[in-house]
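Before we start, here is the structure in question, set down as C-alpha cells.
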Amino acid sequence: MHQNAPSSEPIVSLRDVQKSFGPLRVLDGVSFAVQRGEVLALIGRSGSGKSTALRCIDRFEKVDGGEIVVCGHRVDRPDVDLRALRQDVGIVFQSYNLFPHLTIEQNITLAPCAVKGIATAQARDLARKVLAQVGLEEKLHAYPEQLSGGQQQRAAIARSLAMQPKVMLFDEVTSALDPELTAEVLKVIEQLAADGMTMVMVTHEMGFAKGIADRIVFMHRGKVHETGPASILTSPTTPELTQFVGTGNLKS
Amino acid sequence: MSLQLDFPAVLERWPSFLAGAVLTLELAAFATVLGALLGTLAAVGRGTHNALIAGASKAYVETIRNTPLLVQIFLVYFGLASLGLKFSAFAVAVAALTINVGAYTAEIMRAGFEAIPRGQIEAAEGLALSRLQIYWHIILLPAVEKVYPALTSQFVLLMLASSVCSQISAEELTAVANYIQSDTYRAFETYIIVAVLYVILSLVMRAGFWGLGLVLFPRRRRLGTPL
Amino acid sequence: MGGHLNINHLMFLGQGALWTIGLSVIALIGGGIVGFVIALARISPLKSVRLASATYVQLVQGTPLLVILFLGYFGLAAIGLKVSPLTAASASLTLYVAAYLGEIWRGCIQSVPKPQWEAAEGLALSRTQRMSKVILPQAIRIATPPTVGFMVQIIKNTSLASVVGFVELMRSGQIVNNSLFEPFAIYAIIAVTYFAMCYPLSLFSQRLERRMGRGRSNLAPA
Amino acid sequence: SADLLDEITQAKKIRISTDLAIPPSGMMDSSMKPTGSDVEVAQLLAKDWGLELEFIQTTGATRIPNVLTGKADIIISTLSVTPERAKVIDFTKRYATLQSDVGCLKSSTVKDWPDVKDKSIGVSRGTTQDTTLSNMKDKDLKIARYDDDATMVTAAVSGQVDCVGSSATIINQIGVKNPSRVFESRIPLATFDLAIGLKKGEQRLMDKLNAWITENVKNGKLNAIYKKFHGVDLPTDMRS
Amino acid sequence: MHQNAPSSEPIVSLRDVQKSFGPLRVLDGVSFAVQRGEVLALIGRSGSGKSTALRCIDRFEKVDGGEIVVCGHRVDRPDVDLRALRQDVGIVFQSYNLFPHLTIEQNITLAPCAVKGIATAQARDLARKVLAQVGLEEKLHAYPEQLSGGQQQRAAIARSLAMQPKVMLFDEVTSALDPELTAEVLKVIEQLAADGMTMVMVTHEMGFAKGIADRIVFMHRGKVHETGPASILTSPTTPELTQFVGTGNLKS
C-alpha cells in the first residue's frame, strides 16, 4: 500500500449530498471527506442515515443531489463507470454475504479472476496472502457455513482486500457477532489501519472508534451534526452527541 | 376369463421395446437440456424491468401451463407443416416438449431466483462483478441448487409425458407398445411391460440427476447435506 | 364431410368440453377420496402400510398416464370387469390423481407444526380425534392452494382419455378435424377452450397462495 | 359361460366397435352424427336383428382389444382378414373388400418402390397397411405411424408426409380436403377382405352373422352401401 | 381441588430414569418425587435435560430405563394407558400451541367433549370457569391470533385446567414472553399453586421459583445435582448450583 502523507486531494468526498426514500429525507446535505490513509468512523443513532451515506459512496443508492467523488470517480453522475468505481472501493456488510456455494478460496479468487482477469494460480496465491492477513490460512478450502460468524466476517474482509481496493467501507461489521468474535474482527481492522488502508466505517463500538479512528463523523437525522478527532467522543460539544455517547450503549 | 397372459410372446420383441425406451430417453434428454435453457431465459425475462419481455415471458408460461401437452404437440406439428416447414417427428417432438417443460422450468427457476438473498447480489456488485457474471456465478447455480428436487421431478414428469409423442409418429416407448400390441393383440401384457419400463426409466433418470447433483454442488457432497 | 366449421361442430366441441369437465370432476372426487386414504396411509404408524402406500405412489408417479389409461381400459376388462370408456377413464384418472394428491396432502398434513400434534396428544385426544379435530382442519387450509393448482393438471390430463376412445374435448376436436381437416384452426380452438377452463383456476390458486403466505406469517408465535 | 349371442339377445342391444375417424367407412356428418359405410352396415345389422345399436368408439389400434376384453360384441371397422389376426379373433366371411395402395402426391414422379425410398410414408399404426409395409424390410422404407387415420390424413393434408399407405378411398379423400395436395394411388399394396371380427369360440353368433352377410350380399344391400360411400361396386367375384 | 396434606404416596415419582438420544445420554439416573399439592421447580443449564425429564413424565418420550409412576400409571411400561395418563396430567409448553383454527372456547371445550364426553352446554360453562381463573373471560370467542402472547399462554393453561388434571407440568411457559406478559402468566400460576394444584415446572425465572416452589430440583448434565427447599437457591451447597445461581441470568 502506498503510504503517502494525506494530500489535499481526498480519496472520498461528499458535498451536500441529498437522499430521500419516498417522503423520508434520509440524507439532508451531508458533507465530509476522507484523505488517503485516513480512518473515518461514522457514528450516530439507528436510522440517522449512516448506512445510507456509506451505500451512496459505493453507489448502492443513487443520490438525489450533491456531489460524491471517490478515487476520482464522479459517483453522483449517472454515467459513472460502476465497475471501475467498485474495483477501487471494497465494502463489507453486517451480514457477511459470503457466497455459500463457493469455498473460501473460490469466494476470494472469483472477482480477481473474473473482473481483473488474473490467472488462477496467481489468484490462489493472492487468496493465501489475504487470508493470512486476516489469520484464516487454514480455512482456504472450507465452505462458509463451516466457519463461525467471526471467521466468516474476516473471510469477507479478505475477499474485499483481494481486489486491492484504495478505500474500504465497513457497515457495522461486528454487530451480528458476540463479544469474543467481535474482538477478533476488530483486531483485523486495526491491523489494516496500521498498514495504512483508507477506511470509512459505520460502527456502534465506541471504544473501538475512539482507539482507531483519525476522525469521527457524528450523524443525526440525516445531517453531519458534529465532526472532529476521536477526542470529541470524550468531550462532545453538542447536546445530541453528549446524549448519544452518554447512553453508554455499545450496541444501539 | 378367456384372456390368458402370455408375456414371452410379447417379450420376444425386446429389441423394439429397447429402441423405444432409448428414443424416449433421447427425447427426454434433449428436451431437458433445451427446456432448462429456455425456462431459465424465461425466468430471467420475467424478472427484468422491461415490461414487454416480462409480459411475453408471463404469457408464454401461463399459456403453456394451462393447455394440454397433446394439444401443444398437434399445434406445433400441424402448425409448422401448414407454414410449409417440415421437420422430422423427432425434431418436432423435441421442440414441443422443450416449449412445454420450459414453461414449468421457468416457474421453478423464478422461485429459485427469488430465494437468493439481496445481500448476495450486493456483495457481488461490490466486488465489481458484471451483471452477467453475477447471474452466472452468484444467482444461477445457487438458485438451481435450491430448486433442484423440484426441477428434477419436473424433468422426470416430462419423460413420462413424452409418451404422447406417439401421436405424431415419433417411435418412442408408447408408440412401440401400440404397434406391438396391435401386432400381437396382447394389449395387457404389452402395457404392463411398458409400465415397468417407464418405472425403470424414471428410476434411471432420478439416479442420473442425483449423480449430476453431486457434480454440480460439491458443497453438498462435502458437507453431506441431502439434496 | 368437408365444408366449414358450423354450429353443429361447435356444439359437438362444447359437448366434449362438458365431458372434460365431468371427467375432471369425477377424477377429482375419486382421486380425492382415494388420495386422502393414501395420505393417511403414508403417515400411518404401521410400517407395512407406509411401505405399501409409498410403493403405490412411486409406481403410479413413475408411469405415464397414457399407459395407466391403457392398463385401466384393458386391464379392468382382463380381470373380468366389463367397463365403459367412461368407467375405465374415471378409474385410471382416479388412481393417477390419488397418487399425486395423496403426496401433496401428506406434505400438508406433516407441515402442521409438531407442537400442535403434541398439544393434541397432551389433551388425551385419541389418534382419530387428533387427526379430525386438530390436524386436518389446519392441513386443509394449507392444502387448498396446491390442490386448486393440481386441478389444472387434472383438467389438462383428461385430454389423454381420448386415446382410449373417450370423447372428451380433445377427441371431439380430432373427430371434428376429421370431417373438416383444418387441424391448426381446430387445435387452436381446443387450446383456447382448455386455457379458458384452466387459467381461472391457476389464478385462483396463485391468489390463495399469496393470501396464505400472509396469513401464515400472522400465525407465527411471538 | 353363457353364449355371446344369448347375451346380446337378452340385452336387446349389440355393441359394435367402430372407428369413427376413418372416412368414408366411419365418420361424422356435418351434424355430428355417425355415418359411413361401416356405420350403415352396423345399422343395417342392428335393424335386421331388431336390436338397439351402441357404437363403441375405437381407434385402429384398439379395435381388437375391444372385443377381446368384452367391451364390444363385434367389430365392424374396416377390419382386414389376416392370418396373424385370425390367431386371436374369429372372422366372419367378408362383407366388403379394401384395396390398399401407396398413394403419393399427384405432382410427384413416384412410379414404383425405388421412388419412395427417400419419402416418408404415413400409415395408421397397427393397420394391415402398417404391417405389410413394415414387413418389407428389404425396401428400406421410412414409415411414419400415426395413432389413427384422421391424424394420418391430417399429416398428409398438412404436408408432414408425401406418401401414405392406405385404402384407395382414403387416398382420394386427401385431395378433397386440400386441393393443393391431391394424392393418387401409385403402387398397389394388397386387396384385403373386410370381415366382421368377434371373439373366438362364439360359433352360434358366427353362423348367424355369416347367414346375414350372405343374405345381404345377395339382396344387394351391402353393395348399395359400399357404392354410396366408396363410389364403386363390390368386386364381381364377391357378388356372384 | 382436594387439599389433602402431602401423603406418603407421591403423585409423580421418577426412579433412576435413563434416557438417551442416539449416543447422547440426556437423563442419567434421574430420581425425584412430587407429593400431592406440592410445587416442584426443575432448574438447570440449557441442555441439562429438564425438558426431557418433564416430557418423560407425560410420556412424550419413552424412557430407556428406570421407573416412572404418575397418578398410579406406570409410565415406563410399554402398555401404559396413554389416554388415561393424559387425562390426569396437564402439560403446557413454551410455544403455547393453541389450535389456531378454533376459538378460545372451542380450544378449551374440545378435549372435555371429545375425551370425557361432557355435554356441550356443560363444557361451555367449564370454559367460562377456567377462563375466569386465568382472567380471560372476555376472550371466549376470540381466535388465538387475536390474543397477545401472554393471553395465549394463559388460554393454554386454561385449556389444560379444563381437563381437571391431578398434576400440571409447565415447560418454560414464560420464556417466549416479554417481562410484562411474563408477570401476568406467573400470577396465574401463583394462583393455581395457592389453590393447591400439584405442579412440576421447568423455569428460568429464579425469583419466581424461589417464591412459589416447595422444592427445587437442580439438574446438571442429566443428573439431579442438588435438591431441597427453595432456600437452596440462596445458599447452594454444590459449586455447580452456586455458579448457576451466581450467573444472575434470569434467562439462560
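A, B, C, D and E label the chains in the order they appear, each numbered from 1.
Just so we're on the same page, a residue touches a chain if its C-beta (ideal position, glycine included) is under 8 Å from a C-beta of that chain, and two chains touch if they have at least 3 such contacts.
Since we're looking at a predicted model, the values are computed, not measured.
Trainee: Minus chain C, work out the clusters of chains still connected through touching contacts.
Mentor: Ignoring chain C, components are A, B, D | E.
Trainee: Spell out the chains that contact chain B while also contacting chain E.
Mentor: In this structure, the chains that contact chain E and also chain B are C.
Trainee: To test your reading of the model: what rotation angle superimposes chain A on chain E by C-alpha positions, in degrees to the nearest 5?
Mentor: 165
Trainee: Based on CA centres, what chain would you say lies at the far end from chain A?
Mentor: Ranked by distance of C-alpha centres from chain A, the top chain is D.
Trainee: Would you mind checking which pair of chains has the most C-beta pairs in contact?
Mentor: B-C
Trainee: Roughly how far is chain A from chain B, centre to centre by C-alpha average, rounded to an integer in Å?
Mentor: Here chain A and chain B have centroids separated by 46 Å.
Trainee: Which integer distance in Å separates the CA centroid of chain C from that of chain D?
Mentor: 37
Trainee: Could you please state the distance in Å, as a whole number, between where the Cα atoms of chain A are centred and where those of chain D are centred?
Mentor: 83
Trainee: If you look at chain A, which of its residues touch at least two other chains?
Mentor: none
Trainee: Which residues belonging to chain C are in contact with no fewer than two other chains?
Mentor: Residue numbers touching two or more other chains: 74, 77-78, 163, 183-184.
Trainee: Give me the residues of chain B that touch two or more other chains.
Mentor: As it turns out, chain B has residues touching two or more other chains at 3, 78, 82, 166-167, 187.
Trainee: Mind giving me all the chain pairs that touch?
Mentor: Every pair of chains in contact is listed here: A-B, B-C, B-D, C-D, C-E.
Trainee: Residues of chain C touching chain B in their complex?
Mentor: 58-59, 61-68, 70-71, 74-75, 77-80, 152, 156-157, 159-160, 162-163, 170, 183-184, 187-188, 190-191, 194-195, 198-199, 202
Trainee: Once bound in the complex, which stretches of chain E touch chain C?
Mentor: Of all residues in chain E, those touching chain C are 58, 60, 82-87, 89-91, 93, 95-102, 110-111, 114-115, 145, 148-149, 152, 156, 159-160, 163, 176-177.
Trainee: Applying the document's contact rule, which stretches of chain C touch chain D when the two form their complex?
Mentor: Contacts found on chain C: 1-3, 6, 8-9, 11-12, 73-74, 77-78, 82-85, 163-167, 171, 174-179, 181, 183-184.
Trainee: Can you check the complex and tell me which residues of chain B touch chain A?
Mentor: The touching residues are 117, 119-120, 122-130, 133, 137-138, 141-142, 145, 217, 219, 222-223.
Trainee: Across the complex, what residues on chain B touch chain C?
Mentor: Residues in contact with chain C: 1, 3, 62-63, 65-72, 74-75, 78-79, 82, 156, 160-164, 166-167, 174, 177, 187-188, 191-192, 194-195, 198-199, 202-203.
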